[in-house]
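What follows is a pair of complexes built around subunit A, which joins subunit B in one and subunit C in the other.
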Partner chain A sequence: MRNKSWLLMFFPMGILFLGIGTLILKKNLIGNSEFLPWVAAVVVSAFCLQVFLQRKRNLLAIWIFPLVIYFSSIGLVMIARLKPELFIPQLRWLLIGMAVFLLVVKYADRLQEFLSYQYILGLCCLILLCSPFLFGTEIGGSRNWIVFGPFQMQPSEFGKIFIVLFLAAYLSEHKNVLTLPSKRFVFLYLPPLRFIAPLLCIWGIAILMFVLQKDLGSALLFFGIAVFMTYMATGSRSYVFLALAFFIIGAVVSYFLFGHVRVRFAVWLNPWADPNGQAYQVVQSLFAFGTGGIWGTGFAHGHPFFIPEVHTDFIFSAIAEEFGLVGSMTIILAYFIFFYLGIRIAMNCKRDIHILLAAGCATIFFLQSFIIIAGVTKFLPMTGITLPFISYGGSSMVSSFILAGFLVALSKKENTGG
Partner chain B sequence: MLTTAFFVKLLSVVLQYGILFLLLYFVYLLLKFMRQDISGMDNTVHRDTSLKEAVITIAEAEDKSMEGRRFAFTDALSIGRGDENDITLNDTYVSHHHAVITLVNNLYVIEDLHSVNHTYVNGQILEGSAYLQTGDLIRIGLVTFRFER
Partner chain C sequence: MVKRSIKKYVWHSTVFLFGCFCCLLIYIIYLQVIKADDLASNPLNQRTTAVEADILRGSILDAKGRKLAFSSQVGSRSYPMGASMAPVTGYIGEKIGNAGVESFANRQLLGLTENLSRLGPIAQLFVSDKGNDVKLTIDADVQQTAYKALENHRGAVVVLDAQTGAVLAMVSRPSYDPNDIEADWETLNKQTDSPLLNRASQGLYPPGSTLKVMIADAALKEQVTDLQEVFNCTGHLDLGGGYILQESHGAVHGKVNLEQALTESCNITFATLAMRMGATKLDNTFERYGFRKKLGNEIIESMPHLPEFSKLNQGDIAQVGIGQSELLVTPLRMAMLAAAFANHGVIMQPYLMDEVITPGGIIIEKNQQRQWLQVTSPEQAGLVDAFMEKVVLQGTGTAARISGIRVTGKTGTAENSGGDDHAWFIGSADVRGRKLAFAILMENSGGGGTEAAPIAKKIIVDLLEK
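Moving on to the complex of A and B:
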């Protein structure tokens, strides 16, 4: 079966071609064929990369890349349909992403040396996360962008790479101290403060991000990844309870102190109170889900343009409208498979730090897709983060490819190194 | 004219269902391939923990009956006066959580947990943590351990 893995690459490419064909028939992409060389470049490089990975005889990794391209191709056709002017930039970002992916896989051994400098990694993460406080720009309601002339980036997208690296390095070295029996507080066993200080620091930053940058999605993501990875490293439930307590206190305090938190919460509880005002986005997203039904309205035959920001945060609503329950469940299933593969890779690793790193990468994809899908379906309060590989966005694309590159590199390492 | 419009419509419908079909069939095929791949893999994956095993032996103690006792461990070992430690030393010079030995990058590291009377490695006060090598002598309170791998 391994030799046939390149067959899987025909499916994402098929989705891409059929999607473009539908749009041409619908005359949405009329008048410019500039995107054709870009599409050809993406197709060729995707096939080459898969053949390269297959030749290396990686164990599980050969299934990762077809999935990544599958998500990307769905994203591409949706962006071509929703915002044709962003189609070429997204193709370009995909190419850059694949190049970065290849670099990460090839030079993984050298990148591994960075893991020894855990506190520098932590510091990088802090700097990246705090930089928008100082010179951030507000785009689309969240103050989490940095603009350098024509180039914009979202530092929190890269911060998540550093946080996974930092947590893996930190926890694998200190997990024994963290699990050491010590002070008992009610029913929680807590280690000395200096060992949990970095964790408290991450949680504090997450809450600050929410309050100052109004960026609930990233805040939840960072908070969640810290909790998950600590639990995976130590196996101690005390940390989960501690984190929950911390979260509840933070949530209650910010609810009473800040207006925008109250607004978010009210919109989540009852969007029908103000469907044309503050809850407009969520309500339109729910309408899109309803319109889609089971089989969807058909690609390019829905009306997703009522939803603001439909090409980034709300892309899942558009997918649900046009591909229906069947299509959206398939994509959720594909994210599950991706997570499963990541965890399998982690279980096959031998060193603690590699196990944590692989599990952390898998968890971050899982959490991110969960948070945004839960947000657009109103399962959780609406949050603004991207759906990995599908949403439009350069920072998100590149950072997701770097994390996927880590997963592939880790599975290779254990296979050949023994 | 009518027929072209009809065929365009037909083609567009076929393409739309085609996308949905590809979406589903990809996941089906991936699961099928993966199942065969992983079921073949599970039989070969096993772990070897014997390489990680380390032993510490009591080389010297006030209570002569304790001398020569061996403690084999992998991953981690804690030493102190508290009952929850892996090795409990009932000795007033020993702190509640005195020291811990852990596996870091395939080497064992001893760390002093800010004990009052210090941990001595080969006669020197241990500041923070240090790598252990075979034959190192660790003194905690009145007990001396020898570390071996």
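Moving on to the complex of A and C:
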């Protein structure tokens, strides 16, 4: 089984080939064959990487990379269909992502040393997240971009990596102190303030991002990951209550202070009040889900362009329209399987820090896909954030590959019990 | 021990997140299965229009297969007969919606007989990029002849095949050119003479004396008179309460029987008959003639407006007898009334859409001719029909007389609040083995005998020559 695991790559590759084939037949990609060498490069690298990854891992790790390529293939095919001019850039980002992934897996041992410098990690995270305040540019309504010359990046995407690393390192070391019940506050058991300060700091930053950068999605993501990892490390419900209280207060205050928060909330409660104005995107996204129905309209036969910015945040709606419930279910299920693999990798680790790191990586993937899918379906208020590996975006692609790299690295035999 | 507890909490979180995952899954199933149809058919969902925009719309054909509307490429639409056919074809425009056949046969013209668009890849096997042709009962010759005959009068002409119910012509003037509808839209909407209104089936007018054919039949059926009774028309009728009904134009018909009264269109006689019948029997008569029954098919019509019979006083009842009071009907309904007498008391279901033909030439829908109402006995229908022939031969409708052709008719000169009288002429003619029933209405044009009857003659003569 292990030596044949490269066969798994045929499934995502099939999606890629059939998708591109359909688009060529539908004449969406005609007169532009420049992408072919890039596709070839992606295919070859994907197979090589999978063969390389087969060695020295446990059985779980074999599935991670094919799943990643499965998501990426769907993303590539959808981007080729929705925004053909971004197809080659996305292929390029995928190649870069795979290279970074390889580096992370290969040099994981050395990277582990960084985990000792937990406060430096925390500081890096802080700098990354705060950098847009200083030299950020507003793109698509959120001030969370940094532009140097031709390159744009979203520092919050990389902040994700550092926050998982920092929380894993910090919590694994301080969890005994953090679980030490020293002060009783109503029904909450809290340790001295200096121990929970870093956590409060993260929660505070999340709220700040929420308010100042209008980046509701990332704020929710950072906040969520901090709460989940704290609970995983300490098992203390007090932190969860504290965090929820913090969150509710923050949400209520920002609701009354900031127009954009009120708008998002109103749109969520009743998008039909203003279907052609503020709620246009969400309403069009709902129409996409309805029009898709169970079987979808068929790839390249739908009309996803009624949704503005469909190739980034709303790519899932386009998938749901053209592939129907069948397609949307498959993808959600694949994300859950990916998450579950990550948790299983965590369960197989020996050291606390590794358990937390693996579980953190898995959880952040889950939270990110959950937040955006819930947003485009109006299950939760819409918060702009990318769908990992599927949405267009270099920062998102590279950072997701780094996190996936951690998961594979942590499944190394010497780390695990099995 | 410590490690175990971390794993325990990781597991707790996993279970919690699995719960969230299940909720989202159920919600998406709800969205894409249960709510799907609502969302897909929501009027704000432009996808339906977008799907339609990709289909080459089928042609609208007349009874002889001539093109009334066609698309040479996706998104374009031509109407070769322009304004004369506009009340039939209607129009279609991205911003202005659609009307007429373009509206009610929209699905057929697009070939969307079943909604297959959400069957995923399978749908692509069935969805054609070319819509079906719709063949109408309209005869372009009749339509154009009638349109020309109306000249510049505001009005309408409806021609039916009395034996089948097929609508051969549905003319309304003033009209508009559906080829340029989008460019002219604002002007057309501002025009006070309502060119967008299809007067033939949606314009409401008092029927005036044309209604007397129905009153004559009803009076005989209700036995409030017979063929022998002689009425004395003195030119006015005291209705009591100080109200006196005057014969129009101060005419005095003297001693007349029912046949003569109809031929001369004697108001005094028919007002008397209406009063003899009273509100209930009049009410029943309108019911029997289907004035409250919807057509219930593709023809978009305005329902006739009937007075509240229970609240009518004697004066109003007398007015109903001569087709006035609050009574309002469409020219289509009056053509159907004329058809009843031409077709042994049977009104056939009027219809406009005859066949739906696929691009491959297969007929997938075909109209079934059927009886709509039996309004009176064949004998009595024959009797009234004979009276109506007399109207044309020697009565008020002599302007429609054509030697060698049997033409029946009844004139009407309807008073209205909008100015001069409306001129009416309803009747039937045997043209080339077909019994054509027609109604001609000309707004504020004067007497039915002098204005509308000649139009009927023009149309019939023209058709005989074709």
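Observations, loosely collected:
To be clear about the criterion, the second predicted complex is superposed on the first by the 408 of 418 C-alpha atoms of A that agree within 3 Å, B and C clash if a C-alpha of one lies under 4 Å from a C-alpha of the other, contacts with A are read in each partner's own complex, and residues count from 1 in each chain.
Here, a residue touches a chain if its C-beta (ideal position, glycine included) is under 8 Å from a C-beta of that chain, and two chains touch if they have at least 3 such contacts.
Keep in mind that what you see is a predicted model, and the values were worked out from it rather than measured.
Within the superposed three-chain model, A:L25 lies in touch with subunit B and out of touch with subunit C [touch as defined at top]. In the superposition on chain A, A:L216 makes contact with neither subunit B nor subunit C.
Shared-chain residue A:V326: touches subunit B and subunit C both. In the superposition on chain A, contact of A:V105 is made with neither subunit B nor subunit C. Legend: residue contacts after superposition of the two complexes on their common chain; A:A334 is shown touching subunit B, with no touch to subunit C.
In the superposition on chain A, contact is made by A:G296 with both subunit B and subunit C. Residue contacts after overlaying the shared chain place A:P275 against subunit C, while subunit B stays out of touching range. In the superposition on chain A, A:I15 contacts subunit B only, with no contact to subunit C. In the superposition on chain A, A:C124 contacts neither subunit B nor subunit C. Annotation: subunit A residues 295-296, 298-299, 301, 323-324, 326, 350 touch subunit B in one complex and subunit C in the other. Only residues 175, 228, 231-235, 275-276, 283, 286-299, 301-303, 306, 320, 323-326, 328-329, 332, 336, 339-340, 343, 346-347, 350, 352, 355-356, 359, 363, 366, 370, 373-374, 377, 379 of subunit A touch subunit C when the two sit together in their complex. Subunit B meets subunit A in the complex at residues 8, 11-13, 15-16, 18-20, 22-27, 29-31, 33-34, 36-38, 41, 45, 47, 75-76, 78, 82, 84-85, 97, 100, 102, 104-106, 111, 113.
Subunit A meets subunit B in the complex at residues 1-2, 4-5, 7-8, 11-12, 14-15, 18-19, 21-22, 25-26, 59-60, 63, 66-67, 70, 74, 77, 173, 176-177, 180-182, 295-296, 298-301, 323-324, 326-327, 330-331, 333-334, 337, 341, 344, 348, 350-351. Taken in their complex, subunit C has these residues touching subunit A: 2-3, 5-14, 17-18, 20-21, 23-25, 27-29, 31-33, 35-40, 42, 44-47, 50-51, 117-124.
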